[in-house]
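The following pair of complexes shares a single chain, subunit A, combined with subunit B in the former and subunit C in the latter.
Then we have the complex of A and B:
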């Protein structure tokens, strides 16, 4: 990491061609090849893997982690981390379902859910970016507080969706033209928007600069605190959207929803080549990381391999991927 | 630190008091104890104090290792999963061999192996310890179910096994004695040996430590193994306490431990921290836990209060350090 830090510091603002080269020097190609190899392997090993039904199923599941992963990716690139997203993704289901039950309006429910996510993002961002408390601690704290508040409010029971609104069911389970599920659509739209933001908008450059070397970014005239604050808000909002989709798939607000989700997402983000030190990585890599882990879990399930092995292989793959990445970096 | 400083003005005195974050923690602990005992007199009953101490001992044992690890600039999130697995191993081996000694040894060594694995991945493969130990946590959580489908029941019925957690030495429960011994060893090692000094040096500045002839990798590996062994020991005690090897035990335990260590003033960035702080951190968190129970508050507050306390404590520490810097 120090090498890359000094690199970006010495190179100053990068030209687009350098951006592209940096992108391909990184492990996106290797990730893409692994994903293809994984898909080929599982389609040869299992007949039911490469079916439209299964692929849409995997993509539907992957999109929840993808939406949250985009937010975590943005935040980690800015040099911070958020481990409260699992609690938040579970918590947004409560205002969503409660408001929906009271008013009968899905829109108001979603507004309530996003408002909660916004508040959490603002608090996390304020404490971490402006007050300067280590973001791991802040979000570890909010992880406890949010989950505790959910338990307190629900009495550790799920809140059912009394009205059984069709629109509520549709957002998590429905399909556009019968082909692309809505969660996948949301993920694709958000991914495209954020890849554009990160690569072609000044704000994306600011995020990389702030994460790569905050001191240099500050001297270059960027408002480091504000950039990080916005990254926190983005991360929480996306976790909130992910939670809304999750809640629709579960059909209720489940108090334990999203437990351990933060670890899955952080693992996928790191697998995708985003450095925890900040300033390095791409959202395309994050998307590939999420897809690899999702296809791996699904494929192993198809081969009737115990779900426990999925955890074990996921863990091993994460270690191998990060170690490989580090070796490659040292070889340069 | 400075006997030369004139405590004439009130500023420096207050500054020096606030300077020592342990005094703040101690004051917090005293206030908590007084506050709780005013509303619930049974707080000071012998049973309750012993219950609190027993609760503390588990967190403190792992916390001692985690403190050294954080000082060395690394972290281990796999301790919770590791102690669940170790407990299953300990119970299983005792069942099979009929020997509590072998079972206990197997459990502790299993934890040590996990620590060795973590340490090798972090020091040799250069994987960030946060990610490496999240991965280990996943491997262990999956692995424990491959090892045993359900909880490992106590089939040997050896009294020595249950004594590990419920036995007493004089008036003091055994886990508390074990925790005190672990704490004392760690305290001496960290405070009075060159090894301890290297741990601080490596955490504060690994490069400088290497240039001055230290081997940060070996030292970090050692601390990972120690933390692993302590997690194994805790797993053994927990299995003895529950009288089963429970594969799902210890979920979230790593977060409680890290919370206590950070509350005690140990920096996540490495190079700063004390075991005394960790002891106070553990006591505060467990007194809060206990207070919530005996005041008959909603037990779900047991998650909220520590969350707020960690953030608040870190904030106070930050204020203190900024005042120092000025």
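Then we have the complex of A and C:
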């Protein structure tokens, strides 16, 4: 019999009061609480943790993972994945520094770096979305290809910034009004823009639809391949931006820059509640996932816990968080 | 552009015909799905499309929706020849299709799902959620559907999801609205509402295609009926020129009796399957029954009644909450398929493609999957024995395949189904549960599947058959159990069963 159902929705944008309730039901609140608990714990356990200098330092590092994490988050929500972002973030330093050294222009260097990122995104996206090769395989391949090319080009040595451009130093290390670091600013601006995109632009909703159920999306008239292709390009461009900031912080193009970065980022995205199956998750969650992992690594370091145990702890936390999520979903 | 504009004004001026398909042909590997089919839709008319499963209705609709591309023929819309190369093309032409399988994003709200084809946006291109909520609520109110626009679609029961799908087709301007068995999970009240909506659409000059095999609905709502059979058009007539009998005659084209060969005698007395007080979290409530060696026990129910859930629970595939299942005197415990198979119960799933076949693998491996231990020697599969065992079944079941190495996806539905039956019989089963055994199989092959099921029972297997097809149920079963909302609402012998009795129990 027809009956009116007063299920308050668990997903999708809605009125502010319901929005708050929906938030509670999702992961974000649990993540936020975990983050606060983590910060409180480390503040009590270590004197040097809750200092301006340390917190700024953590946020600076988190910014790079955040920028890349937004891109990976967008791509995973669309039902695909990219593990080549670490290699790419390292590789963009080369055109950046080489062009800068040749022309003395930071802008041209950045343009070259972004062009490389764009090319990688187009190739990944074309192979995965249009040719239909599994995206893990495609990007695993490009991860090796890019890293190998970097080693070949650099002869396994860093390429220094010969001109010691002040502007190049500033983008990774400078602060706006002496307060907020440029990488943090970039991360916040991009995060806000992409949260808006994912919630309030038709394209953002298409990403969710395509990841949630590609067949339904196709029936609704979406060009599923094109949507996924664009998600690959977004992901690579953001990894490129992250790599530019990284290169500035390192002061050169370092051939091993970004090694293992892809897995840190994917771990943060998954911890942030994005389903690897696609269609579920939020970029706010991704941001929290990044912050949790960054503060965790920093705090464990502060407590003089050996790197080996830091790795073990991080791994266990990721598995526990995702297992908890899965059990919660099943209980429903 | 949005809901307000749709139902209140005609979408197009009356040009005739709204759409014309001529000489449409479509071939899939191993099956000729459509051959030289024509269909003409007039604005403001309800055109019913009828035929048995496998007659080609779904294929024709999917061509109209841009999901499949025709191999032959022409489509003219509003007099202009058009190629519908993708669903997007079809939507642009104002063709809205309500598919039988729910095509909604389950993580989205009802309101958002209504508008995913075209989000209303404000001046700067942001989605106007206010408009979406308001228009969805207004749309539901206008057509009298009682669904909460803020609910997440995945949380709704199937019947409400179906209403959301129907509503979505009306949210934007439409020239042609196609409904593929829209009433399969609706209640009588909801069906009445739907018919009101359809009449209104027609009065606005929209051409409606209505696919169903419920005769009463056709006589109530349709102006014209086209009957398809085996991928060909059999007739197109005003509904007034048809009687129940003439429609059935066109659909079936032969006497029902011939479809159901019967070689077996009376069922034996030994109970092979005993189910007592079975309940699951998903659906089933206190289900009890017995099945005997040598009989076909048919379960009937409307969509959502719990047939598939029952099938999956009794073979150990889905977990159960309470109750006892006994196979040939042994309890099915622990409750999993490994125990099930070792006790001799197997499932022929309704969903051949995802739960039965390994599409990319050859016939050989698909057939031998459940019995590899039998062919093993020192832990390695003896390919010679495997091949000869599978070949024996290919011969016995007359499976049409170029060879054992043929990828199973290239076989027709009927032959795929036979391979799956072989998989279980090779194993030596006592009970086989078949769920919608002839879904997506053309009529000719159906009778071969029926003959096989009959033979299995004749050899002493207990066959438990889940079906939504009345002729299949009545033609094949020795006893019939009817389900509704997860319970068995009636049990009757073949001789006592009538369509009316069965339907009454199914609607209860």
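Odds and ends about this structure:
The rule is short, and it goes like this: the second predicted complex is superposed on the first by the 308 of 332 C-alpha atoms of A that agree within 3 Å, B and C clash if a C-alpha of one lies under 4 Å from a C-alpha of the other, contacts with A are read in each partner's own complex, and residues count from 1 in each chain.
Definition applied: a contact is a pair of C-beta atoms (placed from the backbone, for glycine too) under 8 Å apart; a residue touches a chain by one contact, two chains touch by 3 or more.
The shown structure was predicted, so the numbers you read here are calculated from the model rather than taken from an experiment.
Once the two complexes are overlaid on the shared chain, A:318 sits against subunit B while remaining clear of subunit C.
By the touch criterion defined above, A:221 reaches subunit C but does not reach subunit B. In the superposed pair of complexes, A:34 makes contact with neither subunit B nor subunit C.
Of the two partner chains, subunit C is the only one touched by A:280; subunit B is not. Contacts of A:242 after superposition on the shared chain: neither subunit B nor subunit C is touched.
Once chain A of one complex is fitted onto chain A of the other, the partner contacts of A:267 are limited to subunit B, with no touch recorded for subunit C.
Touch criterion not met for A:78: it reaches neither subunit B nor subunit C. Using the contact criterion defined above for the overlaid structures, shared-chain residue A:138 touches subunit B, although it does not reach subunit C. By the touch criterion defined above, A:181 lies against neither subunit B nor subunit C after alignment on the C-alpha atoms of chain A.
Residues of subunit A touching subunit C in their complex: 1-14, 18, 196, 200-202, 205, 208-209, 212-213, 215-223, 279-280.
Subunit B contributes residues 121, 125-128, 130-132, 134-139, 141-143, 145-146, 255, 258-259, 262, 268-269, 298, 300-308, 310-311, 314-315, 318 to its touches with subunit A in the complex. Residues of subunit A touching subunit B in their complex: 127, 131-134, 136-138, 140-145, 147-149, 151-152, 156, 263, 266-267, 270, 276-277, 306-312, 314-316, 318-319, 322-323, 326-327, 330. Across the interface of their complex, subunit A is touched by residues 65, 67, 86-88, 91-92, 97, 99, 103-109, 111-112, 116-117, 119, 121, 125-127, 129, 133, 145-148, 150-152, 155-156, 159-160, 187, 189-190 of subunit C.
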